[in-house]
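When the chains are written out, they are named A, B and C in that same order, and each has its own residue count from 1.
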Amino acid sequence: MSTANHYDVTQWPYGNAAEDIGEVLNSIIADIKSRQKATDEMSTGEHDGGKPGAVIYIPPGDYRLRTQVLIDISFLRIEGAGHGFTSSSIRFNLPEDQWPDLHELWPGGSRILVDLPPGDEETAGAAFYVARSGNPRISSVEFMNFCIDGLHFTSDGSGLHPENTYINGKSGIYVADANDSFRVNGMGFIYLEHALTVKNADALSIHDNFIAECGSCIELRGWGQASKITDNLIGAGFKGHSIYAEHHGGLLITANNIFPRGASSVRLNGVTRSSITNNRLHSFYPGMVVLEASSENLVGSNHFLRDQEPWSPFFSVDNGLDDDFGLLIVSGSDNSVIGNHFSAIVDTDRIRPEGATPVIISLKTGEGNYVATNHVVSMDVRGNSSSSAYAAQVDALLSTDAAEHLPVTTVKVDPESKRNTILDSGTERQVRVDVATNAFRASPTVPS
Amino acid sequence: MSTANHYDVTQWPYGNAAEDIGEVLNSIIADIKSRQKATDEMSTGEHDGGKPGAVIYIPPGDYRLRTQVLIDISFLRIEGAGHGFTSSSIRFNLPEDQWPDLHELWPGGSRILVDLPPGDEETAGAAFYVARSGNPRISSVEFMNFCIDGLHFTSDGSGLHPENTYINGKSGIYVADANDSFRVNGMGFIYLEHALTVKNADALSIHDNFIAECGSCIELRGWGQASKITDNLIGAGFKGHSIYAEHHGGLLITANNIFPRGASSVRLNGVTRSSITNNRLHSFYPGMVVLEASSENLVGSNHFLRDQEPWSPFFSVDNGLDDDFGLLIVSGSDNSVIGNHFSAIVDTDRIRPEGATPVIISLKTGEGNYVATNHVVSMDVRGNSSSSAYAAQVDALLSTDAAEHLPVTTVKVDPESKRNTILDSGTERQVRVDVATNAFRASPTVPS
Amino acid sequence: MSTANHYDVTQWPYGNAAEDIGEVLNSIIADIKSRQKATDEMSTGEHDGGKPGAVIYIPPGDYRLRTQVLIDISFLRIEGAGHGFTSSSIRFNLPEDQWPDLHELWPGGSRILVDLPPGDEETAGAAFYVARSGNPRISSVEFMNFCIDGLHFTSDGSGLHPENTYINGKSGIYVADANDSFRVNGMGFIYLEHALTVKNADALSIHDNFIAECGSCIELRGWGQASKITDNLIGAGFKGHSIYAEHHGGLLITANNIFPRGASSVRLNGVTRSSITNNRLHSFYPGMVVLEASSENLVGSNHFLRDQEPWSPFFSVDNGLDDDFGLLIVSGSDNSVIGNHFSAIVDTDRIRPEGATPVIISLKTGEGNYVATNHVVSMDVRGNSSSSAYAAQVDALLSTDAAEHLPVTTVKVDPESKRNTILDSGTERQVRVDVATNAFRASPTVPS
């Protein structure tokens, strides 16, 4: 029986994986279910078994998906052999007369081409839709080592090049119901409006994926607990978030390298007792990490870099936030912000509103937050730019010499946020705090 | 010859993997050994080769194990296609008349059902027993992506529901002899009294596993060095430890999300020059991280949450420690405790002994420890509870609003611990330290 | 078509993988290319596809490589089933008359025996050579789960045992051209002069590998950005570096356990806005982490251990640096050094120059660096030694009791480095800093 639990989409007699892998996957899932015993049969007798699930292998290749895959069984692993990322964004922004000279035009690996018509529901455009109510929660579904490619973005009416809008109504994976012990590992997601959306997660692991050039990348919605987002390469578009979570407790976000252009690198809403530690975060805008109505979280040992969009196709867009909004926003109580490095590298002429002093850490509401030993570096640089995405970014990243220091507010505590403790995170001049309602120890001033 | 090094347990002509995978695996291992050249043959001639090992594949399915697997060769990978976790604990605590309505009753994936009779020796109940003396140490054995299920716990005589005792004499993997460069990756362990026990490890990697509902989860015994326990989801029972290590140096414990109910989240005994950094730790009891006779370790950037058991089946149990024992215990010298967040969320009425002030960081013996920039949050909450494990935990995790602040001792330095440095980890009132024998700088007091 | 994208080196009709896997792999790559459509064909029509790449499987076994593999296609995964590490260093340093009693002599797993003649160019000895110019950059090449073994080192003329020189002109993987989204995961590298060299990397992931007993382990050359080196076990030889990077921005080095003997554990040259966080670092020499012309980096939450070579075969070698050079060297501006633990365990009689005070953190040039809440432990121990590598190391790691405290300079700020901030990282006596040009707050003195 066991070997019957190992499938290959290219070997399945029903459907044609290259033409519609969705139909093939649904047919395989139906086969798995038809072979499983009923639960009441499992609970009698002495076999202690019954529904182990299966693995479905997707070899490298292009597989068009015209039918949404519905997953409603536990212990299903869908596994490819390559995350297949290549930058579609760079390619679409090259003049078309250069395309014939390119080595390749599209992502690859075990690649699913999402070709679903738009629908009224957000979920209509999801390549993989996971839904099962009842008990137990659906468990141990695993997505591994394949590529989900949304192919194209579409016009948003703004006049922006359609391939730069991050809009197409498509999702990679959408988990609708409460779930336990899922894994998403080694995957590639590209050119999807929403890459990975999981509602009501418990003990979810999102590890070592490549999620880039998507509108939003990871969205944990509903509520959830005890999950981890670790060791990923992630980069959202300017309308979305690289990582978003709401009403989660005990979430561990660590060891991620988050690329710029997302409206936020990490946005938490109603999240408690969670960690954002030890990440490398890069953003082109203020509001790169936002804690909204979120308490008792630890933001520690992260590297924050905020600079400005150097690539000409995206010069006209941003996330709408002013430079005095802050890079790390805390609305909530009893959070810890300890041992982070912040680099703010901006062109004074592009600061908004004109003449404003940029803010780094902004405590907006709440109380009892603890901010200690954070180091802020701020530079005024002439905005460089380039029509080559890679060259522009590397140049910007590596240039530190010619810059002048830029005055910033390292910590700003609004009147609505009280009883906070601010230690060694800026000098007297750099921190704006009411010492009648907060504890404050300035960093010693460096002799000039 | 090479293809002969790839096996599938369901294709092996000897034995029946569904009935006794242990017999099948031992037979395959015997075959591997019979095909390997003698070492003296390897050292002559020009081939520089000889004993590359093999991979044994376990497809998804249920495999009963009635015979212990003995591993005594290097370079053996045993690999499945699914860690297969689902909560057996929740299921066993549902009324049996609800069982027929459940989608599934058991864990799945590539699942081994441990069905060994109890024995006199601790090792008798181990599904996988790794033992080889002589030189070199057995190397590069890899366990990947399968599930080891102990099936049931048994009565411990306490009157507790037998399935809630965490006792059954079974182990998942037991490594008895000195070893090098082992990997345990992507595995699931469930309902085992001891999930993974490794003696005398060098350069061991325990990465990205799901180890839950086991008595003890990871135990590094004997002595060892230069190993890592990273990026796991782990949760032990109330009699055991999620991570235990003794006489190890250079151990890196990082990026783990450790669930509550273990007597300790991490317990180190005689461990030196190691790191517990950047983990999310959750416990229902004091003593969540214990350094015993352990020196020169770094405990940094962790999130500690201690609250109280919200799930009714386990209301009667705990680890026996009082609230003034401490959450992080340091017995040893020259350790660093830097940049951690602690949340202690307890019901005053359940504090033990009655009226005691809970302790967070407790330095018991030793000298020269350095404790800096730790933030402690403490709340008094009415104990919530629920008959639903998941709902109860999420509710407890997310509730921060209605709580009142609870007075705690953030750092307590016993007279037997001297010459420590305590900085910015609590106010004058919150720290109990003899300044005649320790260096102390209080956090500035927040205006009230 | 899809199944044609899955290859097995032992099943390929051309060549013999055991005798020359290089010839077989090149033949398979030629086959993959011959089946791909031209780019101009891909950009017309409606198929949105064309060059998905392939996976090539290497089962466990010994495969001699006599022909260099040239990779010039994207989306190629080469995958084995075992990193196969065992210590060749220990074996070669055993008396030969003990070899016949050994269980095995060589590494194993899916093992490639690099047997290339030395050449004039550095790249001549590379088992895998990745090169492709033009656009787009070569993308998503993945190396996974196999072993690259250089077999032997050769005499360096110094009189050192030839197998201990770390010299043989061989490389494991050499990536010569700009690349995107590569993955190196689960690999083993051993006895190579250069294990893994990648030029001009973007979004590279080097994760969960075992790279040891190589001259240099990971070298990121040229320039690059947004990459990660995470969760590896790494240990270089005394002439090389465990991790080296130059002209990189946004590099995340985290969760690595780095063994001693490398001239540096991590050496960065011209690297900006990057993180070395949360690693366990062990070295036998000064200069264990060097930031050279590197700015705005975060070195946080690491455990640094420097002790002395305990294994007799390597007593005569070191990296040539004196003890007053420093363990962490900062030449550059605006870096953050926060929350690290340092243990310096040395034999006073072996300090160089005689009578010198060892230095821990050394700021040599630049300005604006921020050094806070670092804890330095220093001990004077009698140098132990052993002819057994493992026993010697474990003994050294675990011995803390008999030692006496050793006076050290915890932070030394040279006159060429200015405007730095030094907080809580040593007492007045332990820090050497000109307070006319730097901000300094001493750790409070522990009562004696």
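Keep this in mind: contacts are C-beta pairs under 8 Å (C-beta built on N, C-alpha and C of every residue); 3 or more make two chains touch, one makes a residue touch a chain.
Note that the structure is a prediction, hence the values are computed from the model and not measured.
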item: Same or different residue numbers at the chain A/chain B copy interface, by half rule; value: different
item: Cα superposition angle of chain B on its copy chain C, in degrees to the nearest 5; value: 120
item: Whole-Å gap between the CA centroids of chain A and chain B; value: 28
item: Per-residue multi-chain contacts in chain A, two or more chains; value: 231, 255, 278, 300-301, 338-339, 373
item: Chain A - residues contacting chain C, complex; value: 8-11, 17-18, 58-63, 81-87, 90-91, 94, 98-111, 113, 151, 188, 208, 210, 212, 231, 233, 255, 257, 259, 278-280, 282, 300-303, 305, 338-341, 343, 373, 375, 377, 390, 393-394, 396-398, 400, 424, 443-448
item: Chain B - residues contacting chain C, complex; value: 1-3, 5-6, 39-40, 42-43, 47-55, 74-75, 77, 79, 132, 134-140, 142, 178, 180-181, 183, 185, 202-203, 205, 207, 223-228, 230-231, 247, 249-252, 254-255, 270, 272-275, 277-278, 295-298, 300-301, 333-334, 336, 338-339, 368, 370, 372-373, 419-421, 423, 435-441
